[in-house]
Amino acid sequence: MESLFKTIVIIGKYASGSDSTGIQSQLLELAQHLTQKKINIFIESKTHHSGKFEAFKSIDLEDVGKEADLAIVVGGDGTMLGVARALVNFDIPLIGINQGRFGFLADLNTSNMLESIDEIFVGSSYKDKRMLLNSKIFRGSKCIHESLALNDVVVRSGSRLIELKVSINGRFLHKQRSDGLVITTPTGTTAYALSAGGPILHPELEAISIVPISPHTLSNRPIAVSSKSVIEIDVVDMDESYLSVDGQLKVPLELHDRVEIKSAEKMITLLHPKDYCYFEMLRKKLNWG
Amino acid sequence: MESLFKTIVIIGKYASGSDSTGIQSQLLELAQHLTQKKINIFIESKTHHSGKFEAFKSIDLEDVGKEADLAIVVGGDGTMLGVARALVNFDIPLIGINQGRFGFLADLNTSNMLESIDEIFVGSSYKDKRMLLNSKIFRGSKCIHESLALNDVVVRSGSRLIELKVSINGRFLHKQRSDGLVITTPTGTTAYALSAGGPILHPELEAISIVPISPHTLSNRPIAVSSKSVIEIDVVDMDESYLSVDGQLKVPLELHDRVEIKSAEKMITLLHPKDYCYFEMLRKKLNWG
Amino acid sequence: MESLFKTIVIIGKYASGSDSTGIQSQLLELAQHLTQKKINIFIESKTHHSGKFEAFKSIDLEDVGKEADLAIVVGGDGTMLGVARALVNFDIPLIGINQGRFGFLADLNTSNMLESIDEIFVGSSYKDKRMLLNSKIFRGSKCIHESLALNDVVVRSGSRLIELKVSINGRFLHKQRSDGLVITTPTGTTAYALSAGGPILHPELEAISIVPISPHTLSNRPIAVSSKSVIEIDVVDMDESYLSVDGQLKVPLELHDRVEIKSAEKMITLLHPKDYCYFEMLRKKLNWG
Amino acid sequence: MESLFKTIVIIGKYASGSDSTGIQSQLLELAQHLTQKKINIFIESKTHHSGKFEAFKSIDLEDVGKEADLAIVVGGDGTMLGVARALVNFDIPLIGINQGRFGFLADLNTSNMLESIDEIFVGSSYKDKRMLLNSKIFRGSKCIHESLALNDVVVRSGSRLIELKVSINGRFLHKQRSDGLVITTPTGTTAYALSAGGPILHPELEAISIVPISPHTLSNRPIAVSSKSVIEIDVVDMDESYLSVDGQLKVPLELHDRVEIKSAEKMITLLHPKDYCYFEMLRKKLNWG
């Protein structure tokens, strides 16, 4: 049976600026495997630069959208986050292969990757659509920053308590004094938001979770709202604070900055083997008996 | 302007078996107010029996569905829960009037009730649809109990830790040892589930929240899933346990009983004044600043 | 070198009513090992009755105090709790041998038990003194129950929320509505209290921790007080409630019962190998990295 | 009856760098009241500079130890923290007068201050001794910072997760990845540590509480150890982190810095009216019904 995907880009964790040396052999094994299947392949340029990939074409991450119909990512959840943000507008699905212990997003591992990929190629896959968040920072009336997040957008203090005024769809929710606020997709609920005391939201829930970080008022509890909501956060008191996107971008905030967060227009598709089970992943990652 | 509602039943907290004497004058004031508006009114029979309502027709709670097109409940959240379960299949909306401090569900209070009701009667209202849960207990292959819940269904221990096996849509979630498990509608997330450490879910979220009670495994955290889910709970180890519905019904469980929980087919409609705000209610009830 | 202990009783988990068959060979191995060392040994009578111990003297648990100067317990933490309560007034130290995975209290396991015991016998041991709680139930002016607890005393609801009035040394702490209250020794802080959200207290802290179970008021947080404190709990509102001692005794409570809890006069001594480390035990039991 | 205190210094919140204008009249009223009682008074120099105190002697905070036998602080808990750190080595007790809502430490308010002070002056007082923490930062073998804290010492991240290795009395506790760690006195357990999920420790407990901030491993729970403990924290992985002392001093940390924390040699004494009750203060500040 022929692969459903004709042009595939392989992206190593080098794409996220990491300088790992451990995945060269997997990348090569994967590239050769795909070549044998007559698939047209590219290697993302930083990954290409990291090793002996002269036999393969190189492509910059920002050009992937024009060429490929699938991206295979070899790295960890962090690499997946960056690639998802970069590719979400191009309708290119992702397969994640984890080096080391498996991740929440990168669910294949190097021992079973070829077999699993072959299955997915012939259509035996679980299509897992995940929402992203769009966040904008307004300083006065001007938008000074815009970005996408697959996990979370965090407004947080750089030192002491900050005070945030939160509104949802124009209706006042609360003013809260805390170390900050995590605004998370269902995907992000198993990441930082979980450490901050937030609930797990199943990825198929169309919801955004708002999780306070060490709130001064003990009854300030996590709250989940519809993914159609627009969340506005005004920084009303602070010494120092910043916006953190997927834990990977950090943008300093000033007093009276306003952050607007809503679901992004497009979703990213993760491809898993047919027998993928979200709950099994939770059990393994969270050591549930 | 004429009232949208022609036949209204007034239900006092006596309907839920309570023996309050404090609300006689409000009930009478309300009944007279509606009579003046040429509305056909009934008084729920236990409420009717509680005081001097000879001038008004009496009706049993189970017959309300045949006659009335609106129910006005004077009591607290507990009374609202019982009436909602009783009326959900009849498409009769509810207005809740709280005696004492205002509730999560009964949001009008006796000081502003007539004014607010008049507004609602002429269509200036906020229609707030709330899902209920349907729960069944299977003993072997036989269904030995079925009920509806507006807040929550709790499987809980009567003494020591119990062990529950939880599946969602036929997929295994986990086995957990704990004091029990709260399965809650968004409405119920501000009730018992909140005390047990669960998140708040906005009522418009189509979700069911699963909150462990004092779980033995510390990473067993609350998880919210789609309201289309079917949740199965097998009692795999126990000394003593029971099912609790809205904290109002209590059904003893036996070892190997299986509880099946899903969203009920019908929703109940709460009518609020036009300017009702869910977030304002949270702020007041949870003392947020 | 001669053993510091001349007369030792061996107690299997049968003493706590358990009907395990898995520890016969360990018990026998242990008894023979001690006999070879010319130690005078007894087998606790229920344990004696459980297998082929005709060659050894039998002794009832309540008589152990008259004869033995050490008790070796083969079972789990549950067995240790029961034996500690039974022996605390006799100044007999305990060694705990766990079958299966190791426990918080029974820290030796069957693979290294003989070696560790030999070390302890010649004085190379860590003496770990643990406080117990004394709890009394007063109905009117009459004390209707008194017991000791090594882990915890729990006043808890049998169904709905109960309301408890708590005083410490005669000073009012709070009235709280909850599923109940855990009063725990430092030893008990890694047991049920931890599931209920309480902190870990190091065993050398002279403290009692008070942990609310699913409290209605979200700011009702765990509080630790001096072990010299007398804690009084009045059951001011309930449908059904009971006192639980170490999760092993269960005493029904009535409305207006008063529970008085303070540290017991005597402490129990656990003997561990010299290199015992409490923190290592925490790391292993709680899967810290 | 004569005052037990002959020389008293009055310290306004100006001492902590605050530029409040609201407490001038209270300060003056207080100074005049003390003068009438023939007490020798000083006004702390920054406070003196803030208003019309020409009639009174000025004294720098660092010289208070040589002259005064009591300090009366008019401000909030923040001012109390700073003054306690400055005066702890001089055995000068503190009285705290709160402007606005009363605090955890500054428990008198301006409406009852004169009356309460008069009582305390004649010996009718509750002496409330509070421990402080001494913290040192070692860079290599060199101590680059040393300070005292009445509430807490926090090692925390300036951006992403940091990894800390914690030892107690030279024994390894754990490595933890988190936003940081709060090391707190009993006094500090009602401050930041409470927001981070820590327990309340009664001030008379000789304990130090260690509270993780948003730990990655969900079983990393707060732990309290003896106040005789020496706690060592090694910063083993970080992007950016700092030490925060009472939320008032902030010292940047570098990778492999080692923080050593133990109880300070001296305690500070707070003087309260005779009928002071710690639990009453908790009830009021935490809104326990």
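Annotations
Labels for the chains are A, B, C and D, by order of writing; each one numbers its residues from 1.
Throughout what follows, a contact is a pair of C-beta atoms (placed from the backbone, for glycine too) under 8 Å apart; a residue touches a chain by one contact, two chains touch by 3 or more.
Not measured: the values here are computed from a predicted model.
Note on connectivity: the fewest steps through touching chains from subunit B to subunit C is 1.
Put simply, the chain farthest from subunit A by mean CA position is C.
For the self-contact between subunit A and subunit D, the two sides draw on mostly identical residue numbers; the shared fraction is above half.
In this assembly, the C-alpha centroid of subunit C lies 38 Å from the C-alpha centroid of subunit D.
For the pair subunit B and subunit D, the distance between mean C-alpha positions equals 47 Å. Mean C-alpha positions place subunit A and subunit D at a centre distance of 42 Å.
For subunit A, the set of residues touching two or more other chains reads 194, 218-219, 221, 286-287. Across the interface of their complex, subunit D is touched by residues 158-161, 178-179, 192, 194-197, 213-216, 218, 242, 244, 247, 250, 286 of subunit A. Partner subunit A is touched in their complex by these residues of subunit C: 218-219, 221, 287. Residues 168, 171-176, 194, 198-202, 204-207, 209, 217, 219-226, 277, 279-280, 282-283, 286-289 of subunit C are the ones that touch subunit D when the two sit in their complex.
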